[in-house]
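Residue numbering begins at 1 within each chain, and the chains themselves are lettered A, B and C in the order written.
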Amino acid sequence: MTASADRENSGGPGAGQNDTAPEGRSDRRAERVVAGAFVASIAGAITLAAVYIAGGQPQLEGVALALALGGLGVAVVAWAKSFMPDDEVTETRPQLPSSDEEVRAFTESFEAGGQTLARRGLLAKLGLGALGALGLAAVFPIRSLGPNPGEGLKRTPFAPGVRLVDAEGAPIRPRELPPASLVTAWPEGHAGDAQSPTLILQIDLDDFVPLPGREGWLVGNIVAYSKLCTHTGCPVGLYQTELDLLLCPCHQSTFDVLHGAEPVFGPAARPLPQLPLAVDDEGFLIATGDFSAPVGGGFWDRGRS
Amino acid sequence: MTDPYRQRLRRRLLWLLPMALAVAGGAAAWTGVPAIAAEEAPDPLGYVIDPEALDDAATIADGRELYLTGCVSCHGVEGVGAAGGPPIADAGAASAHFYLTTGRMPHAGGPEVQAVRKDPAYSPEEIEALVAYVASLGEGPEIPHVDLSEGTVQEGGELFRGVCAACHSASGAGGALSFGQNAPSLDQATPVQVYEAMLIGPGQMPVFGPPSYDEEELNSIVAYVETLQELEDPGGFSLGRVGPMPEGFVAVIIGTGAAVLAAFLIGGRVHEEHDVDQDVVSSSPEMGQ
Amino acid sequence: MSADQAIAKATPLSRRTARWLDDRLGAASFARKALDKVFPDHWSFLLGELALWSFVVLIATGVWLTFFFDASIEEIVYEGSYVPLRGIEMSRAYASALDISFDVRAGLVMRQVHHWAANVYLATTVVHLMRIFFTGAFRRPRELNWLLGVGMLIFSIVNGFVGYSLLDDQLSGTGLRIAYNIAISIPLAGTWLASLFFGGEFPGPDLLERLYVMHILLLPAVIVALLGAHLALVARQRHTQFRGPGRTEANVIGERVWPTFAAKGLGAFLLTSAVLCALGGLAQINPIWLYGPYRPAEVSAASQPDWYMGWLDGALRLWHDWEFRAFGFEIPTPFFPSVLLPGITFTLLALWPFLETRFTGDRGEHHLLDRPRDRPLRTAFGISTLAFYTVLFFAGASDVLAVTFQTSVNALFRTFQLMLLVLPPVAGFITFRLCKELARRDRPGASDQAPAVAAPAPGEGAERRQEIEPEDEPERDPASAAGVPRR
């Protein structure tokens, strides 16, 4: 920051003094700073070891480590700033581009070698072809990484007659459900599964407007929607009972429970797929088919089932 | 090397080392000290009132007096509801107890505005009277009998993360809901209040009572909420337990700020173009003169 | 005692070792050149070093963590010392992360230092990038190094995400699920890519093992390779420098590497590590024991990515519910904010030096740095871009901000969407005016020193006060190349 000329003129401390014992007050102060920082560092290191031996304590460990490293750091920097040469040195930048001569020499060498290749043109082409074939063949093992994306994205295990079960795998009786409650269910045999969690909600029938064709999809006042947001597949677990809204905590897409779970706010573009419900002979909730649409986030051929 | 200043410095440094050792020893000793157990509060479950004394006719009469001055304008005569508030005839003792002990009632602003937790407006005796009166109006859930030993923290944790965390967040710090609403932080909620909230579903909250969740499960959830409140943060300052957002701020502003400050102190500043005649050293630098 | 003395007093053993090595490598002259290399002294030139040293801390703590972490989704019952989770079924990965936090001595502090170091590493990288951008240090001949740096940034962001996704807690699982849905949103290839990467449908049987190999081997190897090339190029091309007395395009003025600059670098390393260790000890980060093991049907409020992914999450939130459907095919909403936007972002970032050359026609070599005010258009563009991504970053925490500031999430959304359109141009315009004003104020004082247009000393000051205009360089005057003093 200061040119070396400054130092020489003023005769101040710093550059050039590094070889002799410090005389000036500021040098002594700097020396004390360096010494103190080293001692602090030693204290930190010993503390670290002691805390570790005593059983460990994360806060003390962190602070001791910071003290040990920071003390060293302060000492080294203070040393460098006070006692190491800080005179500015000028270095010539190297010319990056090669000279014409160098380039010519390189070109000659390269072309001389290349001509031997060109003389056997057919062989060289064949060689390239062999490399290409090998490269192409080497792509195939990538296929082993995962299966063909099949129907799994478009279908869930729900089918006519499949029971809905809770997280423990127990079937659900509709009359057992309290009003304004929220239960997560799965198809029987798939409790806890990632693709088919289903929300079972008790709604106010007076305000409910079923979508055309879905009039018979409720059991009493129970409606079932996929729990996976149609935006990026987060579980839509936030049920606001007074507003009859389902909210996704990831990106705040909001769905209207009373109107076919159509999105009313946020980035989701499609309603939560609805599950058609019925009750079987034993009084347990069953599905009468799969969801009204593929669950979760969209993909390019989602609409082609 | 024999200059007196040096000797003084060396002596001082010799003094510093035992001090460093003392610091280390102190830190090590502190490492082993267990946290001091908090004293048991007189009402650890947060009942405030005596839930067994709600049938007393005199108490109910007192409650009616209070109701007619403080509640009737919104909730109507005998809890039938009015323009300013919902009917509460069948709200039950649990509901009245929850709303009054959390200070959410009385509430100004109408049903559209979310009632928030504040200091109760009524004294314990008044709350007892009001709860007794509301309970006498109709059929509703009673003040629950909370017994934390009936549940386990572990089961409670599983249920909490599965059901409650979606709104209240896994740490119980609360979270945002749509249109200005929010799920409150649970750090102030007493065991009884948590239990009651699950039974009655206050505000936007769904009901998580029997038969979907039995008493053991509800007690487990309450126990886990208590654990969350008492849990120390082993990693240091909790940063509010609201996820990576404050962590990002600390990393970018404090962490990176401190590192950049260090760089600022280590490195030089702007090379001002003040007129300094400078002797440039030879172009091929030589070391050590 | 100075370094000179230290060398003089070096024990014969060290000398003999050095001689032994030199007999086999002949490296003395090369090593001396390295020691004598000149490095310009300015604090902002240390910003890249801060990132480098954070990366070193990452490697050190990361290697330590690998000894205890077990990237397996095999279900076990937790029996460790964190009581609220005892007896709960969870993956080995999550259980071993809990063990590191509670049962491995000094494990928690290591884990936290590692996580803080990741956050600070990326932040210092971005600060370094900003320094390079605003001072024009990316111009010829340093375009290649710019590309290497952008590559490192991308791989580092990915590795950060992969790293915190390994622990199989509720938060990381939620993040991976979003990543999966982003992957399948890519037209045509998406479902295939997702299936190959995840090994099937989400969550995928082999996912954790794959992420682990990526996190501790593949990505670090790529980053280290890029980093090596990045530093080698700095050594080859020499560092840029700010204008100042005697500083020309043809020389580099500063301190020698040995001992002063080396000591300062060491100091920067130690102090950076100290900051990270203090954070790791004092500030809790990613308390996975609160989040619980990952269950695909569960979610927690306030699920956010780490800060360097925050802008992507914000973009996902703010992008309107637009998607395109035709003939049963569709391009779903997440594709635009989370595939297209980062694609455009990093493409433009990588191509910036070439774009700027094209716009300005300036193809000359530059070793002297611009002050931001000297290039108002570039500076305005940079600030405007920063404003854009800052809005996205804050939008990524809209729910937490809504609770913190007692306001409606929905109102915040609309506010952020509006700010995203309004703030960048406004910030850019203000910056532009400010640069012009600062440059204007500089002019009178500067004019008696170095006339703006009249020919000054060769290679010095000529392009200083030019706006973005073509320069008729690049032929370098041999006289100036020798480093002739200015007066």
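Here is the rule we go by: a contact is a pair of C-beta atoms (placed from the backbone, for glycine too) under 8 Å apart; a residue touches a chain by one contact, two chains touch by 3 or more.
All values reported here derive from a predicted model rather than from experimental measurement.
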item: Interface with more contacting C-beta pairs, comparing A-B to A-C; value: A-C
item: Nearest-to-centre chain - CA centroid comparison; value: A
item: Distance from chain C to chain B - Cα centre to Cα centre, in angstrom; value: 35
item: Chain centre separation (chain A, chain B; CA means) in Å; value: 27
item: Centre distance in Å when chain A and chain C are each reduced to the mean of their C-alpha atoms; value: 15
item: Shared-contact residues (touching 2 or more other chains) in chain A; value: 1, 3, 55-56, 58-60, 62, 73, 77, 88-92, 167, 184, 235, 237-238, 249, 252, 265
item: Contacts with two or more other chains, residues of chain C listed in rising order; value: 4, 36, 38, 41, 108, 112, 245-246, 251, 253, 256, 264, 267-268, 271, 275, 279, 281-282, 295, 297-303, 398-399, 409-410, 482-483
item: Multi-partner residues of chain B (each touching 2 or more other chains); value: 162, 165-167, 175-179, 183, 234-236, 262, 265-266, 268-269, 271, 276-280, 283, 285
item: Residues of chain A that touch chain C when the two form their complex; value: 1, 3, 18-19, 52, 55-56, 58-63, 65-67, 69-70, 72-74, 76-77, 79-80, 83-86, 88-96, 142-143, 145-149, 152-153, 167, 184, 186, 192-195, 197, 227, 231-235, 237-238, 249-252, 263, 265-269, 296-304
item: Contact footprint of chain B on chain C as seen in their complex; value: 4, 32, 35-36, 38, 41-47, 49-50, 54, 83-88, 101-102, 108, 112, 116, 119-120, 123-124, 127, 170-171, 241-247, 251, 253, 256, 258, 264, 267-268, 271-272, 275-276, 279, 281-287, 290-292, 295, 297-307, 310, 396-400, 402-403, 407-411, 446, 449-450, 482-483, 485-487
item: Residues on chain A engaged by chain B in the complex (per definition of touch); value: 1, 3-6, 21, 28, 31-32, 35-36, 39-40, 42-43, 46-47, 49-51, 53-60, 62, 64, 73, 77, 81, 87-92, 167, 176-184, 235, 237-243, 245, 247, 249, 252, 254, 265
item: Complex interface listing, chain B residues touching chain C; value: 153-154, 157-158, 161-162, 165-171, 173-180, 182-183, 224, 227-228, 231, 233-239, 241-245, 247-252, 254-256, 258-260, 262-280, 283, 285-288
item: Residue numbers on chain B that touch chain A, as the complex places them; value: 1, 3, 5, 9, 13, 16-17, 19-21, 23-25, 27-32, 162-163, 165-167, 175-179, 181, 183, 201, 203-212, 234-236, 262, 265-266, 268-269, 271, 276-281, 283-285
